[in-house]
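To start, the structure under review is shown below, and the notes come after it.
We just call them A, B and C in the order they show up, numbering each chain from 1.
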Amino acid sequence: MMAKLKTFLASTNGRVFGAFVIAALLHLIGTLAIPGYSSPFAIRAMLVIAALLAVASIGQTLVVILGGIDLSIPFVIGFANVVAAQLYGDGWNFVLVCLLVSVMAALIGAFNGYVSRKLDIHPLIVTLGAGMVVQGCVLLWTKGFPSGSAPSAVSAFVSIGGSAGPLPVPWLVPSVVVLAALIILMMARSPYGRRLYALGSNPGAAPLALIDPVRMWVITFALSAFFAAVAGVLLLGFTGSAYGDVGQPYLFQTIAAVVVGGAALVGGRGSYLGTIAGVLVLTEINTLLIGLGFQPAMVQAALGLIIILLVSLYGRERHVSATI
Amino acid sequence: MSTDGYSSRSAALWRSMGFAALLLVVLLAVNLVLNPARFHPAAWGALIGLAAPLIGAALASAPVILGGRGGIDISVGPTMGFVNAIVIQALFLKAGMSSPFVLIPAALLTGAAIGAINGFLTTIVRIQPIVATLGTYLVLTGVTLTILPAPIGPAPAWLKSMSGPLSILPLAAIFLAWWGIRRLPYYDQLMAIGSDDRAAYTAGVPVTEVRFIAYVITGTFAGVAGLMLTALIGSADPNIGATYTLIAVAAVALGGVSLAGGRGGLLGAAIGAIDIFLLQSVLTSFNVSTYVLQIAYGAILVAAVILTAVQERAAKRERA
Amino acid sequence: MPDDALTLDVRNLSLRKGASAFSQAIRPGEIVGLAGLDGHGQERFLEVLSGLKEPVAGDVVLDRAGRRTTVTSFRTAVANGIAYLPRDRRATGIFPTQSVLDNFAISTVERDARFGLINTQSRRQRYDVYRQRLSIVAPRPDAAITTLSGGNQQKVLLARALALEPGVLLLNDPTRGVDVATRHVLYDVFRDLARDGMALVILSSEIEEILLLCGRVLVFRDDEIAAEMTGEAMTTESVIAAMFGRAA
């Protein structure tokens, strides 16, 4: 029985299931320990925060399955956040603004993917460097003081107090649920998705299976930057005004969500459903600790401990002797 | 060693960090022209002091990266910050201990202990290094902020005096320690694991132990870097340490250390760090805004790794 | 022979600077063996045929009923009817985290796509054809490929290559690390394929295997073809003699 449970938890599905169970347990603890933890408003707030993190983590999930890592996500979030606000403030059509921001973000991502794969440079360095350039450009353009705001439609879309028809949550939440379903479907059932897993699983075998690694890296990093930009625009609606560093917390949170959700950073393993579970775990931990009166610094420390604890429960790698 | 082996070895050395060395010369020349006063030989001592924490962070980051299989320690920066806080806040200001014979061992032991924790998590619990050290990164920054909510000073006088020319001493100590390690069979085992851990394991190298020790070395060096940081700022600041991590990794990559492991060395890492320092210096002397500084910084980092990669590919093609 | 049978035409090919060039034609229905001591050019020859490596001089041309295409890359080779089975199953063959089905279908993944999504039924049907033909023993096709024995993993890789419906099949030591029973299954499959008009080129480190399967053998030495033998002239002694550069 124990052995069976152990093999289940070691499987990808088991990891995802485990992460969901942990999120539920955390919620139960919160409800018992903190009055109002499960109040409609608190749950709405958690759902909105989780939905934003879920969007920002789409790219990291894809990139990690590919065997890479994307440190440019927080910078692209900030870029989209500031540029969208600024241009909209200058009187641009908001649809046009979103289109422009998406294309520019995708180009940044495509650059990251192309350089990393084509020249075989660790994406850690490339995405960090590119991210710094992007952030610098934004700061230079706005002279450090971004202005402008989001159209009220975007604010209503993400507002914690908003409602989606009969649902007591803003449209963001059901939209992210649909988006998540599409992403999961794409990863499981599209040729791109199968190639993504295959390439991450064994880069040496991929070209012989007619997978073009450079093309895959370009597409995947472009997607990552695109969804980071989406998160940046949504955050603009959430906070109300532009802020270049708005993405910074997402640097480690996206990686943590992906890893808690059972993906292996060496590639080939993981799922977006797992990432969603990871996002819920992180959101619950954050809310719980703040609710228990921890200072932000201690929340961060506890978050670190919990990541280590969770990953040591079900995210362990094989010993080198088991890889021969 | 035969002269033949030596020349091929120096050729390999040149290939791995030739670009960083070239950049060093160019940047130094540019700095000398732009800013003769600041770069006057008499001022070199102060400059080394300014660069020391970054060099130290890069040196500390290198051993685990050399060990391969995704080995990386992103907690190097927070470790420096934590050592900074412990030394000043806990030991000097609260407990009143100011002797170097207490503070230096305390810093080294703190670093080594954090390294041991990282090593335990990555080699025995077998969590992916970037995740495990991300965990310690978050814990350390959180704990540092809790014991030291705001910057506080001062540092003991002897430690502050280490900020100038004397900062060469801790750097020399790291290099001496590494020089010693290179003479041990341990070094060969580390490099063997870094280039192919399966082959090394099959050949009887104790992979787990060797990697564990690499984390302890990294932690200890990070402790030294934390002392250098303390000397430079002459106080305790909870927010500075963490900023060193990613720049240090960038410096290591710039210095020709392969992030895949098994290739490069501490000299390259140091040169990479000095490059970044000199670059900051050039850009500052142009009196540009910090924004331009950041753009140039990122652009040159990317350009440098691209050029290094292109050069390596060309060299490989020549050999083929 | 079907009308669209593929002939592999090798013209004035040189594998190394200074190595003498040679021409060869590999015709439909033929099984050609490649032999030689390790590193004497036979593997490079196979990789040149598949477009993975460029020759020093000369070219490889695919002739399909008079329509001729020069092989310039692995992609053009595959697009024009070549399939290649790599030597090192672990390094360049299987995708270890993926299922048997994924491993089978990856090279031809677009064929099951309907409106951009993979039709699992169509994929399963394609797989079943090869599962029967190669008698793959895989209790659950959605289980990870690493749960199969080495021989069955090799069969899945062969199925992946055959799914491309190639005219020429290039096999790089296909029975390396495969048990005896599976070997004989593979031999039968290879003979059937040749009978249906496919051209097969088999690099093997075992001479017995070549003698058993091939109608013709090219023995490589110093990146050149040292000997070409057919029929009665093919014996263990003569092949070994050619490998070592001695007169038989």
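Miscellaneous remarks
One rule holds in what follows: a residue touches a chain if its C-beta (ideal position, glycine included) is under 8 Å from a C-beta of that chain, and two chains touch if they have at least 3 such contacts.
What you see is a predicted model, and the numbers here were worked out from it, not measured in a lab.
Among the remaining chains, the Cα-based centre furthest from that of subunit C is the centre of B. Geometrically, the chain at the heart of the complex, using CA-atom means, is A. Averaging Cα coordinates per chain places subunit A and subunit B 29 Å apart.
Per-chain Cα centroids separate subunit A from subunit C by 43 Å. Centre-to-centre separation between subunit B and subunit C, using Cα means, comes to 49 Å. Every residue of subunit C that touches subunit A in the complex is listed here, in rising order: 74-75, 78, 84, 86, 91-98, 102, 105-107, 109-110, 113, 116-118, 120, 160. Chain contact summary for the complex, subunit A toward subunit B: residues 69, 71, 115, 119-122, 124-126, 128-137, 139-140, 143-144, 252, 255-256, 259, 264-266, 295, 297-305, 307-308, 311-312, 315-321, 323-324.
Residue ranges of subunit A in contact with subunit C, taken from their complex: 185, 189-191, 194-195, 197-198, 200-202, 204-205, 207-211, 268-269. Of all the residues in subunit B, the ones that touch subunit A in their complex are 69-70, 72, 121, 125-128, 130-132, 134-146, 149, 197-198, 201-202, 207-208, 246, 249-250, 253, 259-260, 289-299, 301-302, 305-306, 309-310, 313.
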